[in-house]
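Across the two complexes that follow, subunit A remains constant while its partner is subunit B and subsequently subunit C.
Moving on to the complex of A and B:
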């Protein structure tokens, strides 16, 4: 058991160090995430100057946008290409001969790469806090449960990403698959616009998917839009999606691996 | 004989023929992988369907953003999408500049009788561009009709599209050329420009401080890709601003070619 966790830790540490080696990526991520955050702030400040819209006033929107920045930076900054490339360039053939579980090893690597985005998040949040002075969590317990929701985003993001990366067994490129996933994630998570602005049928579609747990769930808990029971329910749904995607990916992998193509025969 | 052509004899006709044949070869290559083509084209469409959905949801709650109405904002997003999608079709290979510089792959292209920038630009086609251009044109047309702009404005719309494509291709080329000096496999400067453009330039410039307006109009003229043409068409800017569109296009092309040429001069291959 300890040995298995040691392998996970080793994979995570290697992925973390590999990402740290490319320090320019920190700056790029900060500029991209920070730029998107500033544009959102400018737009919503203008729109909310006359009062609240769909239950959001300028105070709550500032906190909402910063929460969106945190999850976007962590999720979009992870090393999904590294997993895809192992399938596309045939390295998976070697991986399958190793005495480690392929999915678990990739999960450790992916989460290690997500952790490497934390410095970018910290700098971005600190800057945003100084510039925009957002409100704190509704209650200390809400703050704690928001942190739990953020922690669950790590395995949830892996499950979603891994499941979509497995499409590379059928396609020979990953870029389009990645864009499709990121577009859907950005919209249905509420990163682009809060779900409360959407018509009820579109909100129902969003809540039938795992995406809202990337932004709407932590924001709803943080801003006190749900009580403690509601927050625990949202966290339970987030955890259920994490488990569902994990085991769903195992089933898909067992079918997909039969399609593996290794150059050179 | 083509292989005896010296740079002095590289006529526009010859360069155009090389460009056309290289691009057609790429199109033939991508048709060998129809699954990938459809995934990429769908991804290009999906981004814009969701941008369309975002604007529709937003404008169900507010009548305007900084004085801009729904159909004008659709044109703003649509024109940027057409421009960005066109670069993926016309010069997507330029994103490989950094990779080629690192690996010394420019050497081989310098020995051939065609401009290096043309050869690099045509090494790849971004298949998402087909979806982006198609759906972007739908957004522009829908916005144009919805905004009540008559057929008289059609020549201006066409001029706006042509200038937008030229400016976008030139600016991406320019920022990818930065990799001649700042070495790295990723074209971070071009990527940052494109990403910030997709966030900021799909909004009215009136939302931002004066510094952003000055930079986007006169330093890195991304405002002339979509903001200026749509603002001039819809009356947010005086009509004489349209003169700036071909001027910005010409200036961007000259700057891009100049920077790329300077980059080639400083290129010292790999392993030295």
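Moving on to the complex of A and C:
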């Protein structure tokens, strides 16, 4: 008898292998992500030449930008279109004839596709480390908790992406939904500009959303901008968002699946 | 006890009601209107274990929608379905373990991976043991020549290969109930023949089969029972042989005579039959009531009198009957 996790692993492995089939994607992701990282480095180097701004100096910003590169590569490199296409082209009809939980299967696939970005991350981080020599984590414990935060980014990204993909059941289109999600994610995560540079009311809005956990949370823990209790609090919030989005998506799917209208063969 | 039972099965969809043109598009943007469309209208269907049932109807009759209701993909608007005692929609995962589904127009292969990878994933999904997996793959290879394209990427397969691979995917877990929606669509005759032989063997092995197809040869060669639906409702449900016996009351013989055929003279000589000129001057077609005459009687009399150079007997076809059922000329 195959264990339930064997099925998850098989789905994740399939998604990973699908990404392997398109090797140029890795090069493109490295060029685009690495290019964006270099531009950020150049910009912040100029901006911070005169000293620290909003608590960030050039040292901490180098680490911050590399953390942003890691989360952006993992999150934006995942196969969200593959999930959306299943709904839009009616392939969900085939999925629903399989003895697996639709959400769990998609989660395994999505995380498999995210894992496929790890080589890009490793090469990018190694290159950035050699070029910019960023500071290490504030403490070994901060380093460990940062790693936990990175690990939580995987299911959190799935929850956020899947929930927005389910909107396709109503909109019948994905492009606009994806643009909106990516714009909000880029802005409120702190990937583009650290949240500390935003007015306090906008920071409050950001922290009421799941987005800051994609860059600000791991960066704050890594750089020691929060103490251990604060770091654990951020991780608890990240985990709570992960669970909330997971169960929220279940409720949305149960409504959405009643709207399945796959016409024709 | 039936393996599948549907009672008053109904599915209504809501469709946008738009008038054509720019004005219609703008109007729909401001004031959205929808119309309800009944795709399946109160269907009753009961299938016993081991039965092979053809589910046929014209385009848009509701065949695929019915299959999606029976497999749990869609939730019925009204009515009930039970497959092996379960509601296939609310108990979807449990039901999916016992059914195999093939949609001819939708592949279940992972497009950018070798066929073997898709089958291995399905092996995990259904919890098929290594021994059973190997035995079934060997069997599929024997009957469907699967081995030749197992390592090929799904997107590089021909349509016939893709369909054979999809059939293996639908059957890898030896399901008790199999739904095949247009399994031979777009295939050439040799692949169709192989698929039909495979399906026949599947049915002979005791698998229950529901087949939708526009290809009547699929139906005649694979199924014993036929359900004809039109406009979402059942127009006929019974054995194929009974459909033929009930509605096909005439048979035809094509005769090729030595010289030109005189149809008027033949009508006078054999008034019990209907006569029509064929395409060639020496060709003539005689139609007779199969309830009143046997083929031996007809052929014996005609060959003795006319000494034809050649002849052919047209076997009864359900194609005309179904066409007439679709057209509403025949009733249950």
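Keep in mind that, in the parts below, the second predicted complex is superposed on the first by the 261 of 265 C-alpha atoms of A that agree within 3 Å, B and C clash if a C-alpha of one lies under 4 Å from a C-alpha of the other, contacts with A are read in each partner's own complex, and residues count from 1 in each chain.
As a convention for this text, contacts are C-beta pairs under 8 Å (C-beta built on N, C-alpha and C of every residue); 3 or more make two chains touch, one makes a residue touch a chain.
Keep in mind it's a predicted model, so treat the numbers as computed, not measured.
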item	value
Subunit A as common anchor, with subunit B and subunit C clashing or fitting	fit
Which of subunit B and subunit C A:179 touches, first, second, both or neither	first
Partner chain(s) touched by A:132 [first = subunit B, second = subunit C, both, neither]	neither
Which superposed partner A:241 touches (first subunit B, second subunit C, both, neither)	neither
Partner chain(s) touched by A:18 [first = subunit B, second = subunit C, both, neither]	second
Superposed model, angle subtended at subunit A by subunit C and subunit B (C-alpha, nearest 10 degrees)	80
First, second, both or neither for A:7, with subunit B first and subunit C second	second
Partner chain in contact with A:35 - subunit B first, subunit C second, else both or neither	first
Which of subunit B and subunit C A:198 touches, first, second, both or neither	first
Touching partner for A:214 - first (subunit B), second (subunit C), both, neither	neither
Three-chain overlay, closest Cα atoms of subunit B and subunit C, distance in Å	5
Touching both subunit C and subunit B, counted on subunit A across the two superposed complexes	none
Contacting residues of subunit A [partner subunit C, same complex]	1-2, 6-7, 10-11, 14, 17-18, 21-22, 90-91, 93-94, 96-101, 257-258, 260-265
Subunit A contact footprint on subunit C (complex, rising order)	13, 64-65, 68, 71-75, 92-94, 96-97, 99, 101, 103-108, 110, 112-113, 117, 120-128, 153, 181-182, 185
Of all residues in subunit B, those that touch subunit A in their complex	33, 35-36, 39-44, 46-47, 50, 53-54, 57-58, 60-62, 65-66, 127-128, 184, 188, 191-192, 195-196, 199-200, 203, 207-208
Touching residues on subunit A, where the partner in the complex is subunit B	24, 28, 31-32, 35-36, 39, 42-43, 46-47, 53-54, 167, 170-173, 175-177, 179-180, 183-184, 186-187, 192-193, 197-199, 202
